[in-house]
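Common to both upcoming complexes is subunit A, partnered first by subunit B, then by subunit C.
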Partner chain A sequence: MDRNKRKSKEFKKNLTAYGFMTPWFIGFICFTAFPVIFMIYVSLTNRKLNGVSQFVGFANYKNILASSTFRNSFKVTIFFTIVMMIVTTIWALLMAFLLNYKQKLNGIFQFCYFIPSVIPSVALAYAFRTIFGKDAGLFNALLSGITGSNVQVNWLYNEHTVYPVLFFITLFTYNTGQMMLVFRSGLNDVPVALYEAADIDGAGFWTKFTKITLPMISPVILFNTVTGSISALNGSFALLYPLTGDTGDPNKMTQVLSLLIYNEAFSNYKVGYGCALSVILFLLACVFGAVLFGLSKKYVYYEN
Partner chain B sequence: MYKQSGTAKKVLITIIKIIVAVIMFSPIIWIISGGFKTLTEFTTTTSIIPENPTTDAYSYIFKYSNFFKYFRNTVLLILGTGVGTLLSSSLVAYPLARMDFPGKNVFFALIIATMMVPGIALIVPQYIMFGKLGWLDTLLPMIVPAFFAYPYNVFLFRQFFRSIPKELDEAAIVDGCTPVGVFFKVLAPLSKPTYATIAILSSVFWWNELTQPVFYINSDKWRTLTIALMTSFMYIKGNAFVINWPTIMAASTLMIIPPMLLYLFGSGYLVEGIKTSGLKG
Partner chain C sequence: MKLKKIISVLLLTAMAAGLLAGCGKSDGGKSDSNKGDSNKGGNETSVEGAEVTLTVWNEPNKNDELNMYLQAEKATGIKVNVNVIPESEYSSKLNQMVATKDDSADILVVWENDIRNFAEAKGIIPLDDYLKNSSINQNDFIDAVAKLTDGLGATYGLPWCAATEILYYNQDMFDEAGIPYPDNNWAYSDFLAAAEKLTKYNDDGTTAVYGFDLPNTQTWWAGIGGYGDQIYDPATGKMVIGDGAVAFLEDCAEMVKKGIMPEPSSDTGDKFAAGKAAMAWMGSWNIGSYGGNLNFNWDVATIPTNKVKYNTLHTGFYTINANSKNKDAAWKVIEWLMGEKGQEINSKASGNPSALKSIADKGAWKVESATTVENWDAITDSLAAGVFGYTCLPAGVTNNAKSLFDTVLTGQITAQEAVDQAMQYAAETIGYSLD
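Let's turn to the complex of A and B:
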């Protein structure tokens, strides 16, 4: 084949590839790249929800850094993301362990464990608002029955109880269900021979768990926890908005950044300020993303 | 580890299993039972089995609310985003899985990078953008982007395409098939289960999605079921100050049924799909 012909064939092939890629090129430019640039621009203005806008330089950022509401929200976001990641991972691992213990009726158990993660988070949020409510709440009734006294705690509006209850509720999110399924297959992939060898050496359950199971599934755990943190950043809105509102009750203790963005842009009409907050959330996600990319390169894309 | 099985251990594990099942399933029982209570019973007692079961909440939903409109809107949203993402994401994934061309690695890295960006971080600028286009208060801000390839689904399609033996493409090319033909005649037909899996994952996502409708939809016209739960079903006509819990619970029950049926009858696609997307994504 002569050179020109090969070149033109190569060119045609590349053209086909770019042709197939076109939807993504357009999507990336219109729905990612442009919004990012536009967001940075709007964050430098005092744009209101009605579109009135004036260039103000870095004033929004200065206000953000001086704002105690922001500092609180930033802390809450990091705290919520990390604790949710830990709690849901442990719970998912526990459920995977239980389900991998082969028994009759395992199908029913998996159904019960898994279904909460594929139903609307807003329905769950309302269920829990009433379960942990003060009057006629299921949890108060349960505690009253056990202790014999009349328990009247408003769990989600009490500063001392809101976090434990909130993290309990995160056990019912999509992410937990997904991790449970992933851990189930991860646990199945651990060679049985390793356990048999440990049995011969007389190792107990805990030794086997820490010396064999955990090291064998550590890449899966690591990968899942970091993916989980990204979806916690993203998904917390759909859970917390119907649960504790955009003001993050009680006393802003649950006001993660996404709720603060909604609150500033749509309740206070400060879109420019909301964009500056979005830039910060974006950068935070970039940090998490960089960590994930580093880890996944090491563990997941390895096979390719 | 599971080999030696003392009866005591077996009983203990079964008990823990049942406790976890009760914990995980209790909100669902609570929702279903709440839908059959009167408002007074719901706000004063905690019985799981309603003392005076009533279907008033359901009658209200079906007779006096716009339930069927919200249902139609949600279905339209699922169909629009589903068709869009299946078409565009599979097209984009094909060259990434099968061809070599300049810039491929850069594009792929960008796709991975955008997967990490939480949508919520870009929603305010997108809100302004869609406002300028006049798309607010319609389903367009959610459906149109689906036609331009979600990075996450592109990634999933790419992984699935790569698991199909390359020899099949080569054989087709020898038989005179063009690269375009390879996609439509070889890869796409072989990937039917993949299309079904991604369609199901996407449907579950949009059935449950609250965040984007909350930002983009204001009026009753294009309300989805998830926002209706926070608005129309929450405050019923003639009583705008008291939260009407039984209606919320009844509507929630109706919204739980489709995912449950999907699990019972399409659990292969649902469970396997979520597992694979977790392993690979």
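Let's turn to the complex of A and C:
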């Protein structure tokens, strides 16, 4: 009897917690779980954008694996994600490190650096498209002014310049700005006593950075690389679509999977095929996450 | 504790209410607009005072006299709401509307590559019953229209116009170079020679004025078709390009190499309008937008004739949404738009001829503001030579091919590689074997 009473009391007590959790659960089921399950189901059909649909089993997956367009896009996605993750993480860490030096106008520097990060990616991309235009591009005009010759580099259409330009642009995205703020707070949490002790031992800048700073902020690095890589996998669409188009110009060098998914679903109207590609992208994000967490066991230092 | 419970109950109630409200059936605020709806396929019911919504990709003309929807409203007494969807998303939005059985639009202006799919998906209705009692003479349509909708088993849409692709040229530059103006029998070889002669270079060897502007998304296909490639096979739905595409791409790559034609870039603009290119191949609808706005004398001619005289026709079809609650009113509006007055206003506003031969012959498409244009025969000749080609292929297939063509011009792949890859992608996408 007592036991039942206790259970009932405990349930009532927990009911409040469940009540607070319910809105989130409903949101999760409606807006995350259901779309994911539905996407997996649609990937097994030949659904067109106009709604016509038939169950085709794994035919979409077979076609995907046989497609040279997919193979190219898969390689581009992995390359783009890894390089973007490395470039943005290093840049954000560097900026956070510089901003952590106590100097005048630090707040203004941080504000100036963070401002581009809060501009929507699409607007940012269009601005850079103007800057890196061939005929009327601001950057070419600047180079022409400096060199005194008519510089007409086709930055976004040239196979040698497109990647450097794109990775440069990623430095100004929201993701990089957010990483910088997270790194700043991580750097502030490193105990000063460790640096003081290292100073006494005669350690130089590099030694302090590699032996104290990096290990101490390694959980933050892990967090940033995981969120950065998933953001690169899923969010690169908003940046690349306005810059290099849905066909991933030049010569499909920038056709990441998210662009291919858009192209298949909304230009070719093959929603079933697009969903199958989305499932692959989802699995790829899982693999990236798993690899990074796997590496973290070896390289990340947790104080407790 | 009690407060927490109350808050959690309130949150739950709000969520449940929100969900129920979201799941509720909405009449889309159109309950008053169903007057005269009968869906009988006849037009004997009074539809005066009804309200219809039409989706289209371009803004209605700002001049009230040339705003055909406003004039249709005045003539029929039916309120016409125009829902403009940007061209880049137009087709995909309409596909989504069909998939979700959306009833927010009554008249859908459907593109060539969609009409068959929409009819098969039962997203639009046959118009035959309406046409029986109508003054619209279907035998009067240009032949290409009849061919395009062959095999559907019924008439699902009526073409709102028949736009063509033509050559635009800067007369001042031709005069300066001492080259006679092109006519409608101009040979492709003459065009290539003129483009070279019209190009002006800066002292450092870069180009100041190009002889020919880069073909746009549409006119790449005019050059390829001119070399004899079929481009689109209506019998199989396949993309058919080969030697013609390779030859035209090689010509273009050569022109880019010599600075006669600009290479593709992220800031490619309309160099013809800017006075930076002596010639360009573009759609006939540009006549309406250029009007008297260019700072030089210009005229038009047909696309130069290569192995064959070729250009792609463009149109949109007035169709009635199968889920519309105002089908009769929608038909009344379509009937007026397809009538003499509606077609005349459309032609005057856009510069595109009517797809109805008897109306097109009256020449309302000769845009009055384009005062320097004299060779109006270019439009009728293009119309006669025009076919519905690449526009019947999925946009992703043609965009992919165009991207590959651009890559040839930047020297990354050969013309043959681009054509092979474009064919491979088309086969993968449309679903056929290249063997």
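We take it that the second predicted complex is superposed on the first by the 273 of 304 C-alpha atoms of A that agree within 3 Å, B and C clash if a C-alpha of one lies under 4 Å from a C-alpha of the other, contacts with A are read in each partner's own complex, and residues count from 1 in each chain.
By our rule, contacts are C-beta pairs under 8 Å (C-beta built on N, C-alpha and C of every residue); 3 or more make two chains touch, one makes a residue touch a chain.
Just so it is clear, the structure is predicted and the values come from calculations on it, not from any experiment.
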| item | value |
| --- | --- |
| Subunit B versus subunit C as contact partner of A:31, first or second or both or neither | first |
| Partner chain in contact with A:115 - subunit B first, subunit C second, else both or neither | first |
| Touched partner set for A:68, first subunit B, second subunit C, both or neither | second |
| Partner chain(s) touched by A:136 [first = subunit B, second = subunit C, both, neither] | both |
| Partner chain in contact with A:189 - subunit B first, subunit C second, else both or neither | neither |
| Touched partner set for A:124, first subunit B, second subunit C, both or neither | first |
| Per-residue touch tally on subunit A - higher for subunit B or for subunit C | B |
| Partner chain in contact with A:155 - subunit B first, subunit C second, else both or neither | second |
| Partner chain(s) touched by A:275 [first = subunit B, second = subunit C, both, neither] | first |
| Where subunit A meets both subunit C and subunit B, residue numbers | 16, 18, 20, 23, 26, 30, 51, 130, 135-137, 266 |
| Residues on subunit C engaged by subunit A in the complex (per definition of touch) | 1, 4-5, 7-9, 11-12, 15, 19, 89, 92, 95-96, 98-101, 114, 117-118, 120-121, 123, 202, 204, 206, 262-269, 394-397, 399-400, 402-404, 406-407, 410, 412-413, 424-425, 428-429 |
| Parts of subunit A lying in touch with subunit C, wherever the complex brings them together | 15-16, 18-20, 22-23, 26, 30, 48-52, 63, 67-69, 129-130, 132-137, 149-150, 152, 154-159, 243-252, 263-264, 266-270 |
| Residues of subunit B defined as touching subunit A within the complex | 1-4, 10, 13-14, 16-17, 20-21, 24-28, 30-31, 34, 42-46, 87-88, 91-92, 94-96, 99, 101-102, 104, 107, 110-114, 116-129, 131, 145, 147-149, 151, 154, 162, 178-180, 183, 204, 207-211, 214-215, 225-226, 229-230, 245, 248-249, 252, 255-256, 259-260, 262-264, 270-271, 274-275, 277-281 |
| Footprint of subunit B on subunit A - complex, ascending | 13-14, 16-18, 20-21, 23-24, 26-28, 30-32, 34-36, 38-39, 42, 47, 51, 94-95, 98, 100-103, 108-109, 111-116, 118-124, 126-128, 130-131, 135-138, 140-141, 171-172, 174, 177-179, 181-182, 184-185, 195-196, 199, 205, 208-209, 212-213, 220, 224, 227, 230-231, 233-234, 237-238, 241-242, 258, 261-262, 265-266, 271, 274-275, 278, 281-282, 285-286, 288-289, 292-293, 300, 304 |
